[in-house]
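The same chain A turns up in both complexes below, where it pairs with chain B and then with chain C.
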Partner chain A sequence: MSVEAVTGAAQESPAVPAGTAPAAPARGTGRRAALWALPPLIVVADFFCYPLALVVAQSFIAETGGPTLAVWADVVTSPEFGAGVARTVLIAVGAAAGCALIGTFLALVVSFAPFPGVRLVSGLVAVLPAVPGFLIVLSFTFLYGSAGALNALLGGSLDFLYTPWGVLLAEITLFTPFVMRPLVAAFGQIPRARLDVAASLGARPWRVLWQVVLPEVRPALAAATCLVLLMAANEFGIVLFIGAKDVVTLPVLVYTWGIVTFDYPAACVVAVVNVVLSLLLYGVYRWVLSGRGKRRARVDED
Partner chain B sequence: MSAAPAIQLRGVGVDYGRKTALADLDLTVERGETLALLGPSGSGKSTALKAVAGFVRPSRGRVLLEGRDVTDLPPHQRGIGVVVQNYALFPHMSVAANVGFGLRARRAPRAEIRERVAEVLDLVGMSAFADRSPRQLSGGQQQRVAIARALAIRPAVLLLDEPLSALDAALREEMVGELLRLRAELPDTTIVHVTHDQSEALALAHRIAVMRDARLVDVGPAREMYRTPRTEFTAAFLGAANLLPVEVVEVDGEGGATVRLGDAIMRARVSGELDGRRRAVLGVRPQRVGVHAEGTGGLPARLLAAQWRGEVFRLDLRLDGAAHSGQEVRVRAEVASIEGLPPVGGRVALTVPDGCPLIADASPEEET
Partner chain C sequence: MLVWTRTSRSVLVVLFVVVFGVIVVAPLAVIGLAAVAASWRGVLPGGLTGAHLAAATGGDALASALVSVQTALIASAGSVLLGGWAAFALHGSRGRIRRLADGLLHLPMAVPSVVVGLGLLVAFSHPPLLLNGTRWIVLIAHLVLVLPFSYSTVSAALERADPDIALVAACLGASPARVLLTVRLPLALPALAASAGLALALSMGELGATIMLYPPDWRTLPVGIFAQSDRGALFAASASTVVLLGLTLVGLLALNSVRTRAAER
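Now for the complex of A and B:
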C-alpha cells in the first residue's frame, strides 16, 4: 500500500472562476446608510429636540413676547428654586446610594448565598419596576402612615412618611431592582474558580468580595447607579403622591409653576435647569467613578 | 517536624443530591511526592482535588493535611496552592498584584511581598511581565503567572487541576518541561496533578492514581502502572493498550505465564491477580503490534483502516478466528511504514511480542 492510498482525496479548492476579483463595495452605500439613519433622526428631532428647543426658547420670552433674561433672573434668585435644586440633588444622590447599597447586597445574597425561595424573592424584586410609583406610595401609607399597620403596633410613634426620608425610602424601593438585576447577571459571569482560588490563597470571604468580586462588577454597578441617579432626579409621581409639604423637587416645581400657577416661562426655566442638572449629575458621577477606579488599580499594584 | 503524610483522604465521598461525584476515596500522598489523578471526564478526579482544597465539603470521610484534620476548615485556612484549568487570574490586577494577592491576604509586610513576588516571578520566568495585565499575556504566560501566584504563599501542597488542558500541543509540551523543572527546584512541595492526559501523568508524576466512575481504580508508581497495569481500564487508559483475549495455558511461580492467542502460543507477565482464571486479557500497546504481509507468519487479520499521523501510520485491524464474549476482536497498531502491506480490506499477519502484561478478564468466566 502506498502513502497516497491512505491520505485520502486531496482537498479541492473552492470553485472560484478565474480572474474573478473580490466584489467592490457598491456605489451609493453611504447614501443608503444615510437614508437608514434618517427615520430615527426624525423621531429624535420631533419627540426630543423640538420640544426641548421650545422649552428653552420659552424661558427667554417675556410676557410681552420679546426676548428677555428677566425670567431666568427671577427664577434663579428665588428661594423656592434654590431649595428645589438642593432637595432634588440630595434625594437623587441618596436614592442612588441607597439603591447601590441595597441592590448590591440583595444581588450578593441571591447569587452567592441562596436560600429556599430565593427565586421567588428574586422574581418579586424584579417585578417591582413594573409597579406604578403611586402604588408603592399607597402601600407605604398602609404600612407607615399615621393610621398604618406599623404605627398601630408601635403606638403611633412612627412619623417619617411625609418627610424627605419617606420620599427617599419609596424611591429606593422602586429603583433598587434597576441595580440588583444587572448585578445578579454580572455576578453570574464571574467564574467560580476565581473565587475558589482567591480563598485558597488565604483571602477571607470579605476580602474576596471586596478585592475580587466587586471590582469585576464595577462597570455594571456604575451603569445601574447612574440610571437610578437620573431617574431619581426626575421622579415626579412618588413625590407628588406622598405630598410631603417640605419636599419640593425640581419636577414638582415645574408642575406647580406651569400647571397650578400658570407661570409657564418660569416652569420652562426650571425644566431646563432640571435637564442640565441631570446631565451634570451623570457627568460628575462618571468622573468620580473613573478617578476612584484608577486609584484602586494603583492600590492593587502596591 | 511530624512524619505524617502530606495528604490523607480517608473514605472521602462527595454527593451532589442523589449523584455520587466521589465514592469513598482512600488515598495517601507523601511529602514531596507528585501524584497524578488520572481519569476521563466525570471520573471524580477534580472532585477529589476540590475536597482537598476545601472547595467542596465531603459528604463523608475525613481529609488530613500533614496529619491535621482539615475536613471542617474553610479553604483560606488550609494553606494550599491551587492552579486551575483556566488560570483564574484576577483580570483587574496586574501580574505582580495577582502574584502578591495571597501574601496581602496574609497581611505580609510590603517589603516581604515585593521581594517574594519578584522571587516567584523569576522562578517562572515572568519577571519582565510584572506590570502587565493578564489580558496582555498568552495562555502559557498566564499559566506561569497562575503557578507563581500559587507558589508565592509557600504552600506545602500544590494542587494542579488540568493546568495544561487549555494550551495548544506545542505549548503543553513546553509547560510539561517547566513543571518538571519546578518540581526539581521545589523538592519539598507535594504536588497533586489532575489530568485526563496519560502522557502528562507519566511525565510528571511519581505515582499515578487512576479513577473511573467516581472511584479509585488503581494506584501505583508511574512506570509500574504503565508496564504492568493491574486492570483492563488502566491498561486501556494509560497507553491505549489493545486488550486481546487469551487462554492461560500455564502460570509459573515467577510472575510469568504461557498464553494462547488464536493459534499462537506466547509468554506473558502476570499483572495483578488472575485468581486461577483460565481466561485473561493481554495488554498490547499499539506500538508493539507487528503488522506484516499475509503469509509471513503470525495471526491472520484483516486491515480495516489506515491513517497517516505524520511519524506513524495508525492501522485498525480485525483478528480472524478470535472472538471475545461474542464480539470480534479489534486491534490497533502504529507502524512506521506500510510498504509491502495490502490496501485497506486486504489480509495481513499480526505478531505480538513476548512479555506483554496479562490481566484478569473482568467479564464473567465462561462455562467450559
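Now for the complex of A and C:
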C-alpha cells in the first residue's frame, strides 16, 4: 500500500484551514493529553520508530559487527543506486505534474461545465483511492501490452508499457483523483458572483480562469501536488508489477536487495535514503498545507 | 459562469469524457472484462468464461482471500481503536507536546511501506521478540501503516465538531466519562466508521510491507495476485483482483450504512 491510497484523511485537512477551527473545550494541558495518548504512541514507537532506528543503525554496521561507512560507500557508488534515485525523482516529478494538469482539467469541467452523469463521475472518483496500484498495471497489460487491445486496434507494435513511460502513465491514473477531489471542493467554495462580475467587466473566460479561479485554489493545488509527489516517490506495487529490468525505483531496490538477494545492510542504506527523500517531501507537504493555507485564510479575512 | 457558449461546453464535455474514460473508466472496465475473458488477442476478449472467477473463489485463492479479510478486519479494528483513542486524547490540547504527538502519529504515512516492512524484519527477526515468520508481523505492519489514516480522519472530524454540545453536557453536571460515552463518542461515530472503511480498503490492497514479511501460512490476496501475474497467469490475476475489489466494496458498503445510520441520529 504505502501511501498509495491516502484518501479522505489527507483530503479533509485542506478543507479545515488551520486557525479557523472552533476553539475546543479546554481539557487540561497538553501534558495530560499526551499522557492519555500514551498507549497509541507507544505502539507507534515500538513498531515503527524503533524498527526505523534499527534500519539506520544497521546501515552503519559491518559484517564483523563494528561501525563502518563501507556499506554506504559501496551502495552510493553502485550504478543501480544512482539510476534508482534518478528514476524515483523523475517519475515522481512527472506523475505530480501530470496529475496536477489532468486533475485540474477534470475538476474544472466537473465544477464549471457540469453535465448529466456528473454524480456518477464523482462516485467513481471517490471509490478509486480504494483501488490498489497493481490493478492499473494488470489492466494496462490488456490495454497497452504488446498483445493488448490498443496494439490490435492500431495493428502496430506500440511498446511503452515496460518503460518509465508505462510507470508514469499508471501512476498518473492512480493518483489523479487525489488532485481532482480537493480541487472540486475548492472550486465549489468560489462565489459564482465573483466570476460573473469578472466576466461582466469584460474578462474573457481564459482571463477569468487565470486571474480569478486558479489563484483561488492555488493552495489546494499545491498541497495535492505535493501529496502526489510523496505517494509517487513511495509507490511500490506499480513498479513491481511492471517489473521492467531497467525501471527500478528506490522502494523496489529495497525489496530486491532485502528479500531477493538478502543483502540487509545495502537494503538498509537504500531505505534510509528513501526515507529521507520521503520525509523531505512530506515536510514540504505539511508546510504547504499549514503555512500557505493559513496565509490565504488571513488574506481572505482582511 | 466560465463556459458561455453551447459549442465550447460540448467540446469540453467530450474532452472530459475521453480523458476520464482513458484514465479512470478503462482500467476498471478492462479488469472486469479480463476476469471473465476466455482469451484476449484482439481488441475485445474472445469469448467469455466464468472459470477464472470460479478458480478465484476456491482453493488457494480462497485461502488468500480469507487471510486478507481477516488481516484487514483486525488491522482496521486495531487502528480505529488506537487512532480514535489518540484523536480523543489529543483533542483540544495545544502546544509543543501536541504537535510532537501529532507528527509522530502521522509519520508512518510518509514512509514507504517497503521500508516499514524492512524495519520490522530487522527489528523482530531475533529474540526477545521473535515475530518474523509468524502472522503477527504482517498484522503489526498493516496496523502501523493504516493507523495514521484512522487517526487523521477521526482527528479532523473532532476539530470540525461543535464543541458546545459536550460543553453543555458537562455544564449540566455530566462527568467527563459520561460526556465521552454518551455525547462525544456517539457524535464521532460517523467519523469512526469512515476511518474504519479507509483502513479496511488500505489494508486489503497492501502489498509493499506484506511481500517483505508474509510467512507461507499467511499469504494475503495481493501477494497471491503478484505471484499469479509474475508467472503470466494474467486472467487468474484479474479474477483475483475482482474478488479483492468485491470484498473491499462489501466492507465499505457495510461501514457506510453504519455511518449514514449514525449520522441520521
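Going forward, the second predicted complex is superposed on the first by the 244 of 302 C-alpha atoms of A that agree within 3 Å, B and C clash if a C-alpha of one lies under 4 Å from a C-alpha of the other, contacts with A are read in each partner's own complex, and residues count from 1 in each chain.
The rule is simple: a contact is a pair of C-beta atoms (placed from the backbone, for glycine too) under 8 Å apart; a residue touches a chain by one contact, two chains touch by 3 or more.
This one's a predicted model, so the numbers in the text were calculated from it and none came from an experiment.
When the two structures are aligned on the shared chain, A:60 is found in touch with neither chain B nor chain C. Within the superposed three-chain model, A:216 lies in touch with chain B and out of touch with chain C [touch as defined at top].
Of the two partner chains placed by superposition, only chain C is touched by A:47; chain B is not.
Using the contact criterion defined above for the overlaid structures, shared-chain residue A:165 touches neither chain B nor chain C, since it reaches no partner. In the superposed model, A:72 makes contact with neither chain B nor chain C.
The partner of chain A that touches more of its residues, comparing chain B with chain C, is C. In the overlay built on the shared chain, the residue A:197 is in contact with chain B alone; chain C does not reach it.
Within chain A, the residues touching chain B in one complex and chain C in the other are 1-3, 5-7, 196, 199. Chain A makes touch with chain B in their complex at residues 1-3, 5-7, 191, 193-194, 196-204, 207, 211-212, 215-216, 297, 300-302. Listed in rising order, the residues of chain C touching chain A in the complex are 1-4, 8-9, 12-13, 15-16, 19-20, 23-28, 30-31, 33-34, 40-44, 82-83, 85-86, 88-98, 101, 104-105, 107-116, 118-124, 140, 143-153, 156-160, 162-163, 166-167, 170, 194-195, 198, 201-209, 211-212, 222, 225-226, 229-230, 234, 237-238, 241, 244-245, 248-249, 252.
Residues 50, 53-55, 74-76, 78-82, 84-86, 88, 90-94, 96-97, 101-102, 105-106, 110, 131, 149-150, 153, 306-308, 313, 338-339, 341-344, 346 of chain B are the ones that touch chain A when the two sit in their complex.
On chain A, the positions that touch chain C within their shared complex are 1-10, 12-13, 16, 21-34, 36-37, 39-41, 43-45, 47-52, 54-55, 58, 102, 105-106, 108-110, 112-113, 115, 121, 124-125, 127-143, 147, 149, 152-153, 172-173, 176-177, 192, 195-196, 199, 205, 208-209, 213, 230, 233-234, 236-237, 240-241, 243, 250-252, 254-255, 258-259, 264, 267-268, 271, 274-275, 278-279, 281-282.
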